[in-house]
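Here chain A shows up in two complexes: once beside chain B, once beside chain C.
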Partner chain A sequence: MSDLAFDTIEAPTRGFTVGQYLICLRGIMWREALRFVHQRERFVSALVRPLVWLFIFAAGFRQILGVSIIPPYETYVLYEVYVTPGLIAMIQLFNGMQSSLSMVYDREMGNMRMLLVSPFPRWFLIVSKLLSSTAVSILQVAAFLVVATIWGVDIPTWGYVTVLPALVLVGLMLGALGMLLSSLIKQLENFAGVMNFVIFPMFFASSALYPLWLVQQSSPVVYTICRLNPFTYGIELIRFSLYGKLDLLSLAVVLIAAIIFTIGAILAYDPSRGLLVRRGGGPA
Partner chain B sequence: MKTTLFRTASLSAGMVLAALTVAPPAHALTAYVSNERDNTISVVDLDAMKTIKTVDVGQRPRGIAVTADGKDVLVCASDDDTVQIVDRKSLQVVGELPSGPDPETFALGEHGTRLFVSNENDQMVTVIDVPTRTVVTTIATGVEPEGMGVSPDGKTIVNTSETTNMAHFIDYATHKVVAAVLVDPRPRIAMFKHDGSEVWVSSEVGGTVSVIDPVRHVVKYKIHFEVQGLRSNVIQPVGIRFTQDDKTAFVALGPANRVAVVDAANGKVEKYLLVGQRVWQMAFTPEDKYLLTTNGLSNDISVIDVADLKVIKSIQVGRQPWGVAVASP
Partner chain C sequence: MNVISPDMTVATAVPALSVTGVSHSYGSRRALDNVSLTVPQGEFTAVLGLNGAGKTTLLSLITRLFDARQGSISVLGYRIDREPGEALRRLGVVFQARTLDLDLSVMENLLFHAALHGIGGREARRRAHAALLDVGIAERAKDKARNLSGGQMRRVEIARSLMHEPRLLVLDEPTVGLDIASKVAIVTHVRRLVRERGVGVLWTTHLLDEIEPDDNILILHLGKPQAHGVVRDVVAASGQDTLRAAFTALTEAPPQEAA
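Showing the complex of A and B:
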């Protein structure tokens, strides 16, 4: 890398103030918010998807006699209570993937250049984008929790507050994963495959639908896969935090995964060494 | 047999060890749970929400109560044909009451001094004076007496009969059966309201609770239960408890794993609370703060917050918990 190239990348970033960074963050947030408001179908589908599980799957499930006590629960819970954290994580998983889907769309339509020619450091743009998509996912989760509560899913009142940090972390982790994946995809059409090969396996091979001890009884192999799935730890982090408890292992896994995925996404979108350049799909 | 013996031995050894290591707190609200299968009583600290001790008692302990003076716990050792007295301080069996053969359950009447024990196989009720530990009298009842209810004034005993599906009203003064009221199959428990205005009888197989007028001896109405997604045959009402103000009744629904919350004025079911497996008997803590349920198949008791109508905790006890009694500090 020549000195000249080094200068042209680094020079503009030197003079930015915190205020300017905030303007940039606000701009990205605002765009995400507008997208959220305008794409009502996206919001509705984000809400309907977990509700279908809650209303139909959980209602028809035979655990009507109560799910055995596992931490963090203090007593027997109905299946709809058990499945709620998994559905919250599902909302965040879909949102993370859809947000990165929009990156693919942006790239195809050329909008992304607007973002990528910004003089702000690439990592900042990426993190801003992650934060805004996480914020949107939290709004979706809040809407879901309102309906779930009306449906009779009983969550301690303070649980709605204690779950927030967990939602931020899990949102970041899944958003970063989506972004990392989006850097590998050149076309919108390919993304459907990712939905199939990433979202569904991640969701089903986790503790979202069944407690892991139950999975272990039926298949040790699937159990091991569930154990290796970072999504499982995202769900458990949310599950514990809903009851004001902290699961340290889940916190550690989610934190580490979030950091790895974010660094991966930053590297992937780095114009000088990223995958975009290597694959020839980067901004011209 | 050997394995059973060994298991019992190792179990008791474990219990002794547990008893030695955990000292009971000085002023805790305590629950006593009879474990039918383990031949023990679990002592549960309701402040810590934990089982703190296990006491060996006679065979097949079922009905359990704390005496009026709060000093002792009485427990039916059904297969030993006796009611044992367990001292609350030392947690030792200190004596026995002459209960007659195969006592399953009992009711404490007349301010906790009279014990009315049902003797299933001998078709009678044995009345015991607790302070003197003597039999006052025996009363012949219907076939296979099961549940026992004593009116608040101590004048009427209601005894349910498993085979004839009847609730027998017995006048205590004359020892005569004054009425037999037909209820649904396999009546289990008879429970008077605190004001004595109604007797509720649960029918395990019939799946209903019959509300009986104790003066006219007629069924006023029947309460039916329905839990969405559950077949009606797993809804088997057993234990019944009224709050002190008689406004709310709780009915344990056996293998439905639910406790029904019933408006005691009109019999309307307000809510179903999910507890452990095969919920059997229940007991209130003082001032109706908590309601405890024994869950026979999941070997635990569930704690219901009565004001919130929420199950807040399930606590592991011995195998097949049957009855529960609560003692103030």
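Showing the complex of A and C:
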């Protein structure tokens, strides 16, 4: 019997409505939120890490490092103020990698499979997962900003609003990078390599801790690496948006990188092309 | 729900699952070689094989964790590679590895699964409650999944797999690691689904005591199909007296080429 004949016999409903897509998206976001709530230590560590940098590292550097007037700042700023966008991006970077770690864990433990056997298109599931991871990272950033403000980091009031679109874009870019990496990591134990070869180089070879003109003065090679690092542009996008300004170059780089990483992640989890095909989809 | 759904009567001619000439390799290692299989609606079909026979690979292809290199797979007439959404919405699956999110409660696990099938709100809660009642575990709905026993987790996974009312249920060695009572309860429950709801079931196992004389079976050995048909026919064709003897004979020798 032909496939066509099959199609016409048993088809009480076909496809999904927009409402059903939204239910699926909401379900994936809800699960990510529940996991976030249940894993309090994840939230605490996500908050403690940048705060340690802010409280200790920034306090020391404040006396050593002078930050000249560079856009978007219109006057001299304290080092704590300079480093805050970098720490915000750091939260999103770690969250993206944490999400990657959780995908590797889910794959090893098997519950990733339940996501992959959903009848919704694979790209939609991947993008939904990315959005949920980004939403969690924004919650972490909000908590950090509250503490940073109490600590004395001065941010314009409207900056809390204007930074939101930047956080969404940077969160998507880093979440997609994490998801792409998760497809490349065969086992959980290999995740330490991500720390050494992705997180640390991305963070330190960027404008998170020092303005790029300072880096350029000390090492043109490192400066070039920083300029090639998409994370640098994520930080600058956040930095400018905190002051209600838009850095077009940063926006373009973050957008392009987010699109490339997302397409890579979708291809990596594609049933016909992805790495699961070669690896057998995890444990038997 | 213990009745056969109305549209099932017109759809029984369509096999719940049709696997035709499927082959798959991981790199240079051939995991499946020209496997064909049909699971009619309302029937129990088992894939028997030792470890490494290719059972899990076959289920991974049926559930489209990845696509088959050769051959075709259809669920209720929908090609899994061409209309994956239509095929997967008619398919329920219980993987061999535990797939519950241990940090979520039993109910949350079920509601998450419902959302992945576009079912939300009260309808999702209603179905989740009914599914848990059906497997006799409703009183644990609020417990964290990690606090369940192995048998209870498996029952929750079966309840979850039925929430979107699939017409085909595939289970990959669902009783491995369970005690006798849990094992019997699960086998009995799944057979009741076949009998009362007309669900087509594909069950992989290496435990021959889970097989009944009227079942359809496919014996796989090192990725190659060795025999396919009703148990008594397979036993007769093998020249042995029992399924155990037939299975042993067919999985001890080097794999036979598929007919």
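Operating definition for what follows: the second predicted complex is superposed on the first by the 259 of 284 C-alpha atoms of A that agree within 3 Å, B and C clash if a C-alpha of one lies under 4 Å from a C-alpha of the other, contacts with A are read in each partner's own complex, and residues count from 1 in each chain.
Note that in this section a contact is a pair of C-beta atoms (placed from the backbone, for glycine too) under 8 Å apart; a residue touches a chain by one contact, two chains touch by 3 or more.
Keep in mind the model is a prediction, meaning the values are calculated, not measured.
Asks: Once chain A of both complexes is superposed, is A:Thr75 in touch with chain B (first), chain C (second), both, or neither?
Replies: The answer is first: A:Thr75 touches chain B but not chain C.
Asks: Per the contact definition in the header, classify A:Asp154: touching chain B only (first), chain C only (second), both, or neither.
Replies: First partner only.
Asks: Return first, second, both or neither, reflecting whether A:Ile23 touches chain B, chain C, both chains, or no partner chain.
Replies: Touch status of A:Ile23: second partner only.
Asks: Give the label of whichever partner, chain B or chain C, reaches more residues of chain A.
Replies: Partner touching more chain A residues in the overlay: C.
Asks: Return first, second, both or neither, reflecting whether A:Arg31 touches chain B, chain C, both chains, or no partner chain.
Replies: Second partner only, chain C.
Asks: Quick one: classify A:Arg113 as touching chain B (first), chain C (second), both or neither.
Replies: So A:Arg113 only meets chain C here.
Asks: Mind working out whether A:Phe197 is in touch with chain B, chain C, both or neither, as first, second, both or neither?
Replies: A:Phe197 sits against neither chain B nor chain C.
Asks: Based on the superposed arrangement, let me know which partner A:Trp213 touches: chain B (first), chain C (second), both, or neither?
Replies: Neither chain B nor chain C is touched by A:Trp213.
Asks: Shared contact residues on chain A for chain B and chain C?
Replies: In chain A, nothing is touched by chain B and also by chain C.
Asks: Under the definition above, what is the set of chain A residues touching chain C in their complex?
Replies: Residue positions touching the partner: 1, 3, 5-7, 9-12, 14-17, 19-21, 23-24, 26-28, 30-31, 34-35, 38-39, 109-111, 113-121, 271-272, 274, 276-284.
Asks: What part of chain C is in contact with chain A in the complex they form?
Replies: 7, 10-11, 13-14, 26-27, 31, 56-57, 60, 63-67, 74, 76-79, 81-82, 84-91, 93, 95-101, 103-104, 108, 111-121, 167
Asks: Can you list the residues on chain B that touch chain A in the complex?
Replies: 227-230, 256-257, 274-277, 298, 302-303, 310-314
Asks: Can you list the chain A residues touching chain B in their complex?
Replies: Counting only chain A, the residues touching chain B are 59, 64-66, 68-69, 74-78, 154.
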